[in-house]
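A, B, C and D label the chains in the order they appear, each numbered from 1.
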């Protein structure tokens, strides 16, 4: 059957026949790099048009409908616009940090791509501590935001950055606890192991009530961590004009914009991996026939379908809810999500020990 | 090296909100002193669109000055015009035909709904919810179309003359208004689902921008801002003009004194306006829509004051006449100017996010403040 | 009863959020509710209300005649100096000198569409047109002369 | 209270006040030096309770200025108008922004538009006019701006 992993293996074999082992590694790294960057570009384009269409339909509008068929090329036009715009650096800014920040943001999201399984046996780096790696690296993204806010020498930017710092540091905890509950159930930090443990059903179905709570907490936490509404305080436009990227323009702004969308994709991919089985097709217990039929749908489709479902959820939140205030945001984390998450982790652990899950 | 600019001796940040800022809906310029996220002081700087309408009116005749007031509170332009026409009619003792009165009141209430719709959407947008804005504009668009049919314009209607209205209502007016009422009644429950009931929204509004009844009176607030503090102040009830004394409606009062109370007052006021329209729409008296007036209007010597209830509060017109064709001195008491004076008091000690909510519920229209 | 209240609070909050989500999902799936006007595309079918006040025009009949006597009632009535009437003396067929308009200058950029000039006009020479696409690249294009070149006053209009 | 009752009550408070009927409300003319103490009495007296200052303005009569205060009571719903003559040169009057706090912004507006100096005002600065405004106060009758004013 056709699958991405077959293509990858074929490329690997072909390179192995023609070059020495060291060159093969170099070539494969280059190919992987190009793939990641092009995935970035494609994801940026797709997610922007998706966001605009989703928001438009919820707001009883048509949305972009001029460029290309049904406006599908709108985000390409936007990119061209951003590319030709002047990338300004304000006078009082710390020039080095100011220019570094957007690249840092993009590098962090690139690093996060590594341990994600896009299809069956298709991932960049089969890391045995994949989950830990993801939660560790995703915290680095706050540095780029702080850097941007500080270096802009603008009070709005500074306040946006500080808000964002407080927010990401807090919500990291809840996201971590929610992830831990799945780690407890599978007993592994490896992404592949976690996916394989869902071969007889995804955790969201196997895990009863505690896993649902984990899932909801995870959704809230990742929305906050990616600075999306209703937690977009770092860039709350009615309060701080544009928050940490007030002073950015042109491509530098576009990089922040892209990093935000790719971050959304990555956290949703992780959510899909942990709770919805990643590329694992929809399997029910021991219904071999049904499971077999489900296997005919390519694993990459399953992965992207689930991820985009979660992305849609996050967009849906954004276009429905008003924004929280900064103290309410921290209250929500420390008074609600964290205690609930901790008790829930206890429940999950009990469930794992007593084997109550399916 | 990074320079320290715009800080006070205590290390507080001084931030300019406006004149171009997404939250100010116009060119309001607020200088706020911040300690971290907490507001220490809000200081309005006005005048960015001051056109000195009061000075302009001193050289305009009593027919002409009415239309300048459309440009003050552009969201209740019809009500502003109405107030000016009432003043001239009161001073010259012009009897307005019953049909014209009914038409004026109908359009007043439609204007009020349209203004509150825009406020609702814009305030939701300030709080970060974008969708309600478009939903509010769907209903507002219908009112605008009714206005366009009858008055010939969507925003600055210029429909009122001293002694009546410019033209009779459009043949489609009754039908379209009924359609609007039917649509509005269906959609107003969605407002609750989208915003009012939302837990995030409730938390953003409850206990935010407390303005006690004594303070609200002292600051000269009016309209929904004062009624949100539980003080009855509806001009339509206390100093009824036109046919308001014959109509059944309830003055909306909330006792919460906070942003949520002001919000609820406006939402409930929309329903009351619909109630007024329903009473009138089938009972527009037959007859003339305009009284016979002299070609040149001359007010007798003296001083005149007329107040009307706009969507934002009490709009007052104070005219000193020397008996000529133009006013000697005219003063517009705009509701927004007084409401704005309470902002500093309300905002002290709250967060920046609250400031946005407060400005939203004060429903500031900048040309109204600047005049 | 702290715990019960806490749980109630959490579920109440989630419910209020779900209500909002349901509403937006309704609009997401019901595309019939979309109200967007596709403005330049619907130009052909777009019809303004017949009372719409777009700009002041002076109707001319097929003989290139208008009804304006040049009495300047509109100029006086205008609150902001939008209308300037330049008159000239014409010699009519009987050899009598008669006042007539040379130019009816209308500053669209100053006009507030208050309709006072039309109310003031004793001979119904001007009216409001329903045009609305007034944007031009140069402000001077907004100053218009309403009477057409070589137009004359209609017979019998005083 | 009706206008007659108000008259009696106010004559008790301030015998020097003169009354003027006509217009919509009861007009009371007072000396500008009496204003602050009189305003306090108007606000604090239980039977008057004028707690709501809804309009504060000034009229330029060419020979003198007149401050006009429109007051109402949210409790009894009676209205009065207080008028006080001011000198044309260096007009000054006590501020009432301690009593009716809305007066703070209104008085700043009158200060820049008419040049009335409000004694003891906490923050008497330009509000609407641009910083560093020089020249006449715009709402005075002899103000002339040849550049921006269109004469009809």
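Of note:
By our rule, a residue touches a chain if its C-beta (ideal position, glycine included) is under 8 Å from a C-beta of that chain, and two chains touch if they have at least 3 such contacts.
As the structure is a prediction and not an experimental result, all values here were calculated from the model.
For chain pairs A-B and A-C, the one joined by more C-beta pairs in contact is A-B.
Centroid distances built from C-alpha atoms place A farthest away from subunit C. Distance between subunit C and subunit D, defined via averaged C-alpha coordinates, is recorded as 41 Å.
Separating the centre of subunit A from that of subunit B, both taken as means of CA atoms, is a distance of 45 Å.
Taking each chain's centre as the mean of its C-alpha atoms, subunit A lies 51 Å from subunit C. We define each chain's centre as the mean of its Cα atoms; on that basis subunit A and subunit D are separated by 63 Å.
Along subunit A, residues 58-61, 319-321 each make contact with two or more other chains. Residue positions 152 of subunit D each touch two or more of the other chains. Multi-chain contact residues of subunit B, defined as those touching 2 or more other chains: 131, 138, 194-195, 198, 200. Listing the residues of subunit B that touch subunit C in their complex gives 60-61, 63-65, 67-68, 70-71, 131, 138, 141, 145, 148-153, 156, 158, 161, 166-167, 170, 190, 193-195, 197-200, 202. Chain contact summary for the complex, subunit D toward subunit B: residues 22-25, 27, 51-55, 57, 59-60, 68, 70, 74, 77, 81, 100-102, 104-106, 109, 127-130, 138-139, 143, 151-152. Only residues 2-3, 6, 13, 15, 21-23, 37, 124-131, 133-135, 138, 194-195, 198, 200-201, 203-204, 351-356 of subunit B touch subunit A when the two sit together in their complex. Subunit A makes touch with subunit B in their complex at residues 55, 58-61, 92, 94, 153, 155-156, 159, 163, 229-230, 232-233, 236-241, 319-328.
On the subunit C side of its complex with subunit A, the touching residues are 10, 14, 17, 20-21, 23-25, 27-28, 31, 33-36, 38.
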